[in-house]
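Pasting the structures in now, so scroll down.
Each of the two complexes below includes chain A, the first together with chain B, the second together with chain C.
Up next is the complex of A and B:
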């Protein structure tokens, strides 16, 4: 599954959701991504990895979409483990992603 | 010198009137015309005065007209006119109609440009992502809240040696302003922003669709910037100026 946008790309393969580029859409334009996350969760993976090591920029509506449509949805599913792979090249990730810890028990946030 | 400017306090005079002649015209339309001689007499001796058509105007009503602009300040707001700064950069977008998609893309380009520009001038690497995010989020709010098809958005960056002041000014619907003020007060008074963030995400999950305002919470919580507002309410519309103060820590400091 892939979404190719003008400045960004989202893929899902083998339990890994990869988002790269710059995500800065209007709230209504995140619907496609919400549906994407819904389908991923419906496919009932045991472990879900969100790889945002190449996500250079994320606006607040994007933060909301990831937190609400992915992390909080995953939190509702028993036995679903979640991990987020981040890069310390990006200040926004160092500042914001660790705060996602409080959205889901046992979520792992890994920096490299 | 126009009578109408005399009737207002100088500090209330809108910055718009310096940017565009169209904006200057909105003030006279709201005020009834008073002859200059009458006004001068009024200032010396308060009492009833008459306008050009002979209708009597109570001086209390005249003063009320100039105080009609209801101004609310939330947080630690400083007016750009009352601050000494080393330099500033201002972008103003004024249009009767701009296609929202194009405005959105311009917003991204502007925010990124401002981040790069000031990173270059100040030689502080870290400033770019913070400034990019703050400018983009404030501009996004300005676009969302602006009165439909009447965009008057101004972004001004003022540089002081120890901080950057980012001002974003836009028009907004007067009816929605009380709810906005409530929200702003709640984030300024929040004891625990992280808790507020989590709660706001959970609420967004329940209600779906609406904008969560997580942008402002993220600016305060994660980007280390301060926020404050000046809200000027007039009968037909409201002007909102948002100020974000970003402290500058030099590498060699």
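Up next is the complex of A and C:
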């Protein structure tokens, strides 16, 4: 599965969601991404990796979408292991991604 | 019941998760807002142009450092005033708002803005609608165009000067062509009038009429000289010249143009002083100063004294003439014992177009030109005068070298003649006839020709038949210079005088062995003196 936006790209393959580029849509425009995450969750993966190492920028609506439509949904699936791959090149990731631990106790956050 | 509890737990977890999400998102937004505000402050404070954020009603919410500097209002002042006050015409603000409404943005809106002290400056405005602190606002950037306008004005001024220079060059070329023809015509008029005057009884009415006609011809000659001098190329070449020679030559010409009830006294105390100059300009300085002195004395008669001397300007004298640096100068003084001037006239005497002469008699440019020429030579002009005590104009020229001598030169008024045999060539028949008659009255033996090849052939046939040759320079078949060169090949000691109506560099003639150059139109005295100078020097050589 792939979403190709003007400045961003989202793919899902073998349990890995990769988001790259700059994602700064208005709240209502995140519907497509919400549906994308819904399909990922419906596929009942045992392990899910969110790779945002090449995501340069994500606005607050994007943060909300990842939190609500992906992480909170994943937290409801029993025995699902989730890992987030981040990059410490981006300040916003360093400041914000660690707070995702509050949404899912056993989420694994890895900075490179 | 288990399922119901499970659903309740799920709902509770979801609600807790949403609360956490809210915290995460607001935390994130707060950081982004802070960063954006910081970015805005850095950008607005470092941008080199004034930036204002205002409401449509004119209230100013934000001003950057440059706006405070350019408009000279503090940040607090900006909050107190309304934006229309920043416009020279507050109505312009309405036009600005209308443009913004119609087009959604304003680009390059040309308008005059006003600073706190009322100073107006030209500006170009760029504006867009933004939301600032939750309100619909206008962000306006003001480009101060003062320097740009000044640069543009400078460019236009230079262009105008260039056009003026080109125009003057064109006029100069045209004037020099016309002057050549006029000078030929005037040569005949002068000659015929002088010849006629000699034939008439001195006190007769006819003689007075002829004298008046000569005086008018003199004025025409001066006008042509002035036109040529004024239109001459600006890039004058300054070379070391013995200023006494230039002054003496000019004095001689001025003497010939001066009415007999005015006496010219020439006193040269520094015969050897050298200055870097354009001789024609020094000539013009003399002409303009003497013309004014002549005018001052024309009703009552009197004396014009031309004095050339070396002076040393000390720092004390520098105070009297501030533009003059201490050093050695040659001072040319032209003084008269006329009615003098009061202080109000002295103060304006060098102003362009200032004249005390009746309408139609003076352009008011004479002394302005003198001032310009002397200054361009690195010198200065001063004037001394009091009502009833005459006037003296002192021109200081920086001296290059000098040998101290003292001599008195009295311009000759009597015309010396001779008996030499002269070959006279001019392609204009009326000029050759007139000049032949003029020179015959002085005792010379004249053979006249109108074609240079014919004259050259005559000379080749018998080179010793003549003591002196006078030739026009501009002739159709062979120029006077070419003919002179051929004659000098045959007989290298033959004295040759060139007459010309053109402005030329006399050095070209002298380098090819020509002894003297006389400008048309000339008086009997001028050509008579030149012939005697050349013939006498030739005789001295032969005796050596």
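Criterion: the second predicted complex is superposed on the first by the 112 of 112 C-alpha atoms of A that agree within 3 Å, B and C clash if a C-alpha of one lies under 4 Å from a C-alpha of the other, contacts with A are read in each partner's own complex, and residues count from 1 in each chain.
Note that in this section a residue touches a chain if its C-beta (ideal position, glycine included) is under 8 Å from a C-beta of that chain, and two chains touch if they have at least 3 such contacts.
This is a predicted model, so every value here is computed, not measured.
In the model built by aligning both structures on chain A, chain B clashes with chain C.
In the superposition on chain A, A:27 makes contact with chain B only, not with chain C. In the superposition on chain A, A:103 makes contact with both chain B and chain C. Once chain A of one complex is fitted onto chain A of the other, the partner contacts of A:12 are absent, as it touches neither chain B nor chain C.
Once the two complexes are laid over each other on the shared chain, residue contacts for A:90 go to chain B alone; chain C is not touched. When the shared chain is aligned, no partner comes close enough to touch A:36: not chain B, not chain C.
The single stretch of chain B with clashing C-alpha atoms against chain C, selected from 38-46, 56-64 or 164-172, is 164-172.
Shared contact residues of chain A with chain B and chain C: 59-60, 63-64, 67-68, 72, 92, 95-96, 99, 102-103. Contact residues on chain A toward chain C in their complex (touch as defined above): 59-60, 63-64, 67-68, 71-72, 75-76, 92, 95-96, 99-100, 102-103. Remark: chain A residues 24, 26-27, 57, 59-61, 63-64, 67-68, 72-73, 90-92, 95-96, 99, 102-103 touch chain B in the complex. Taken in their complex, chain C has these residues touching chain A: 10, 13-14, 17-18, 20-21, 23-25, 27-29, 31-32. Residues 100, 104, 108, 126, 129-130, 132-133, 136-137, 140, 194, 197-198, 201-202, 204-205, 211-212, 214-215, 218, 221-223 of chain B are the ones touching chain A in the complex.
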